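What follows is chain A paired twice: with chain B in the first complex and chain C in the second.
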Partner chain A sequence: MFQYYFLLGLRSLRRNPALTALMVLTLAVGVAASVATLTILHVMSGDPIPHKSDRLFVPLVDNGPIEGYKPGDDRPDNQVSYRDAVNFLNSKAAERATAIYGTSVAVEPARKDMTVFISRGLGVGSDFFNMFDAPFLHGQPWSPADDKAGANVVVLGRKLAEKLYGGTDPVGQRITMSGQQYQIVGVLDTWTVVPRFHRIIGSSDGAFSDEDDMFIPFAAGIRNELPRNGSTTCTSDVPPGYQAFLDSECTWIQFWFETRSASDRPALQNYLDSYAAEQRKLGRLKRNAPNVLYDVREWLDFMKVVGNDSKLSAWLAFGFLVLCLVNTIGLLLAKFSVRAAEVGIRRALGASRREIFNQFLIETTVVGLVGGVLGLVLAFGALALIAMQSKALTVVAHMDWIMLLTTFAMAVLSAVLAGLLPTWRACQVTPALQLKSQ
Partner chain B sequence: MLRMQNLSKVYRTHMIETHALRGFEINVKQGEFVTVTGPSGSGKTSFLNIAGLLEEFTDGEYILDGINVKGMDDNARSRLRNEKLGFIFQGFNLIPDLSLFDNVDVPLRYRGFNAAERKERIEDALSKVGLASRMKHYPAELSGGQQQRVAIARALAGSPKLLLADEPTGNLDTQMARGVMELLEEINAQGTTILMVTHDPELAVRSQRNVHIIDGQVSDLVRKSPTLFDANANADGKSHVA
Partner chain C sequence: MEIRPILSALLRNKTGPILVAVQVALSLGILANALHIVQVRQAVSARVSGIANEAEVFNLQVRRLKNGNHQEQLAAQHRETDTLRAVPGVTSVAITTQMPLSRSGNYTGLASDRRQLKSSVTTTTYVSPDSLIKTWGLQLVEGRDFLPGEIPEIDETTSEEFAKVAIVTRQLADKLWPGQSRYVGKTFFFGTGETARAVQVVGVIDKLQSPNAQIGERGEFSTLVPARLTGDDTSSYTLRAEPGQMDRVIKEAEAALRASSPTPVIVKTKTMNELRRDRYRADVALAWMLVTVSVLLLLITASGIVGMASLWVTQRRKQIGVRRALGARRVDILRYFVTENFMITSVGVAAGVVLALGLNQLLVSQLEMARLPAGYLIAGAAVFWALGVAAVYGPAWRAASISPATATRSA
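Moving on to the complex of A and B:
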């Protein structure tokens, strides 16, 4: 009977076309609004590295001044100082570790047809690429020896590599950046991490910024005194000079540890506590604040990657969907009320209440499916509009298969929910009354 | 075929009780053509609705083709209605946006026949009423008499044992009414029991038996002699309006 009812449902779309169109549109608009905001929320709040998100940790120690500090105060910042970063790197406290800081360089192309341009990149450790599963198109990461030596080596992002060398493999060639020669050891493939959890702070668009142009050893960036791109927090005056800045308690480096397994977290926490205690003993750390490890999910929460605005938008969109559903209920009641005679006839011809219920519910499902298709078109349109607002939104405003299926499921479920009351009312029709009144 | 004993039907509102049927007794035999007459408000329609399992009765007994229907749930009543009964209404009650084929198909769908059997039954039923060539047409494209013929085809398609007709010629002109009545007589002659509510004394005269209802009770049962019934028949054996 499902097929029969489905065909009746398709036919009933042609009955009262204006009412049907209004119903489909109401449902579609409600679903589109919800799906568009839900898609953004879904992309924003997804686990960017699910197979190891519980093994990657951001360590934070509080190196703020004791003046004005009260235990329990909010943590002042979310980066570490150069001294802490170097100490963490030397500690071997975990399987892998990397310091990250944003920088920019003036690229001087060898090609005569190109002029000097500024490129954005990161100073990182050689472990960085394996820690965050960066995909290599050509070459490989530099060696730990290059880390130690602060060698002038570079891994290019795909876009920059294509800009400078077209489709050819540039590994082994030299590139001049900010007056220094760097040897190209690798080229990354397209690498879109959403949210871009490893480098939230200091990116122009936060967790949803574009790919980096190039990666150089952290120590090379320091040795060459490359400028910092991103946030720097200093709680006291810093004497002039680069070394003085490195020796200061200014925080400007993002640090990540990777443990062998999630169960190694307590050991890493112990290390962090011991380290902080030692630094307190040395008189460097003044506050007796807790030392914190964040895994990837905790880090995204702590950094409020999914802002309250996004959550509020989603709630508002769902509120709107409920409003649309209420309207759809009214429209369905109107549509079904004129079908009382048909219900009476079908009942007289042998349809039980259950059969009538099934028929009308499948009819509303058909409305839901059509609403789903239209909702999908509108959702794509809404996402395109949202993507036009900023570069960061371009990254998150795209629909995947899960959301595509969710759209249909939501449309059908909404239609079925909206159809329950009108369908139940249709089942209550007294056939004798309807048949006589015809 | 149909037996009601001491049956009553009371409509209750918070203020009033209305006795539509009281102490109602009737016994219709297999193959009979019974007409039901009575003034407006006498209980004819309530009787027909109860006979057609469209309404429940308040008290008494109702046996349909040997089955006691008292206390049956909606599913069982619907199944019984679908298998044993056919309905013909004064207002035809065809579904306007279904073709004739699909209208006749409705009760067969609920019966669960497969597509081939449904098609065969629909074509057969529409042939019987002379509308096989108009299967793809819609009710609005037919005259009143033709629409009533489709309704008869729909009632017949499931091979019911009892055909319930509520003023089937009430909306038709004399010529069309005559045609429909002849068709019903033919159907009855082939063995289907017919119970027909009518206001028309001429039609009542043509049935084998007329049951008159007044104030919710059978006032008198007029069993007409075969001679009287035959007196209204033509030489070819077909009935006509006297």
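Moving on to the complex of A and C:
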């Protein structure tokens, strides 16, 4: 019977083409709008590193001036100063740790057919690659000894490596960057982290920025005085010179700890509190504000990675879907009411209310299926349109299998939901009245 | 009039009218808020930066691979400036540490009194040895531009020297010294405490936005400071080209700089229009999305009204025929349907106003959006009344055209 009703449903699509088209279109547009915005929200709010998001921590201490400070005032910045970063690195307070700062270098290619160009990258510790699961195509991270020495070694991103060396393995070769020779120790594979949680502050597109071109040891960047590319916050005047800047309370470094297990968090918090107390004895961190740890999810929340605009879009899209559903209910009512006579005959010939209910519900489902397919096509179109808006949106506007199935389920479910009232009304037809009026 | 019979007919068969009213309410609720947000974003992205004729202005950055010492850097800056001035079609050249709307710049706390513990306002500082007022066409409302003698040459790697004079925007001056009318001659401080640097106001400009062009007054707190700085391997210039010459000027300026430099340089340019587009990309994208949703919303609501009205006309063919046979004119039938629809729409509009206010309350409290002005509700209500009448007109006209004979015969 199901098959028969299904065929009837397909056939009835043709019976009232204008009305049916309107219904399918309404459903499709509503579904497409909500799926497109939901997809973006889903990607934006995803956990970028699920298996260790509760073991990676951002430590923050408040090193703002005590003058004019009231307890409860905001921290001047959400990064750390060079002094704190170096102390954290030396502390061995956690399993792994890395400081991160953005820099840019002038790459002077060995090939004569290429001119000098600017490359953006990060100064990081050797732990960085293991902490954030960076995939290596060739080679490996540099050694902790290189970290200490601030050696001129570099890990290239895949794009830069291919630009300079084509498909060949460049590990072991030397590359000239900003007038210095660096030895290539590794090349990363394509590494898209969405959201790019490890460096949100100071990237042009925040958590949805492009991959980095290259990575050098944090200490090498400092030793070579490579320029800072990102955000720097100073609460007091800084004397001239690079060393004075390093010694200042300016904050410009992103720091990450990785603990062995999530339960080590209190220990890390203890370390941070005792570190701050010790620094206070040395005359720093006078504000005595709470020291905080953020794990990955808390950090994404705190940095407001999912913007209000994205939430607004999703809300509106859902309001729109509700409207489309109400509209579909009306259209289905119209469609079914014309068929009261048909229901009357079927009932008179012995069909139970349940049978009628099944028939009309299946017919509604057919509408939902067609609306779903069309909605999916429209959703892909909408996402492509959104992706064209900016590079950052290209990263978030793509559909995965979960969203694909959700779209479909949503379309069918909406149609069935919208069909309940009209179907129930169709069942209420009294055969006698209908037959008499014929 | 015939409101009572229409009302009792409506109350007898409530489902359809309720569905239409719900649609109108939902649409009005969403539409009023969506259009309001569009208008707010439009206003934000249409704010003027203070630069006259933005389409003629661009930014050009030169990164020198071999930077040299203080004297060599000064020489390089002069050489580059001269090279750029010599490009045909360039009307003005100035060094600038940052560009409005570029989303990357420096911000410093200011105080109007040295004893102050906390800075009273945060400003962004445009440092230039040239006249930004001339290149950008900024409007001087009080005082004067910098004099050649006021421009120090500072090596930032060794020197703590700072300019002694500054030009501020009117909004910044008003924030520092509220309620005053003249600001030239007043002194303010970069930073707070002992190390704060005293600077005297020599001029006030009408308007200049900050690199981030924040929303509200914060985006207008800009300061111009005269100095020629060295220590950075990148020099940033801003140029004004003759109208319509921009593309050619950019190409020739880049080529001229590369040709004139004895050491390799990397040159990057960005026009003001590009900066503006990038700064407001998200706002424009959201506005477009909301406009699209609003148009679809209206279309779907209209189609819903048409659909339901058509259904009622079909259902009431017989009754219409009887009424016509008993002497009702076409216009009576037409008026019946339009009035009926108007009543339903009115209920929807009333519910929609409540819904719009509720939704706005939610947006204000959860997503930091602005409060909805009453005008949007009134305009929205008018739009839906008009939409209702327009949508029902077709079906109602068909109903009115039913001939009494055929309508009653089929029964």
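What we mean here is this: the second predicted complex is superposed on the first by the 438 of 438 C-alpha atoms of A that agree within 3 Å, B and C clash if a C-alpha of one lies under 4 Å from a C-alpha of the other, contacts with A are read in each partner's own complex, and residues count from 1 in each chain.
The rule is short, and it goes like this: a contact is a pair of C-beta atoms (placed from the backbone, for glycine too) under 8 Å apart; a residue touches a chain by one contact, two chains touch by 3 or more.
This is a predicted model, so every value here is computed, not measured.
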Touched partner set for A:Gly319, first chain B, second chain C, both or neither: second
First, second, both or neither for A:Ala432, with chain B first and chain C second: first
Contacts of A:Val116 with chain B and chain C, given as first, second, both or neither: second
Which superposed partner A:Ala106 touches (first chain B, second chain C, both, neither): second
Larger contact residue set on chain A - chain B or chain C: C
First, second, both or neither for A:Ala351, with chain B first and chain C second: first
Common interface positions of chain A, toward chain B and toward chain C: none
Residue numbers on chain B that touch chain A, as the complex places them: 45, 49, 52, 54-55, 74-75, 78-79, 81-83, 87, 89-95, 97, 106-107, 109-111, 154, 158, 166
Footprint of chain B on chain A - complex, ascending: 1, 4, 11, 14-15, 341-342, 344-355, 430-432, 435-436, 438
Touch list for chain A against partner chain C, complex: 19, 22, 26, 29, 33, 67-68, 106, 108, 115-118, 178-179, 204, 227, 235-237, 239-242, 307-309, 311-313, 316-317, 319-320, 322-324, 326-327, 329-331, 333-334, 337-338, 386, 389-390, 393, 421, 425
Of chain C, residues touching chain A in the complex: 15-16, 19-20, 22-23, 26-27, 29-30, 33-34, 37, 63, 65-66, 103, 109, 117-118, 155-160, 191-193, 195-197, 232-234, 264, 266, 268, 281-282, 285-286, 289-290, 293, 296-297, 300-301, 303-304, 307-308, 310-311, 314-315, 359, 363, 366-369
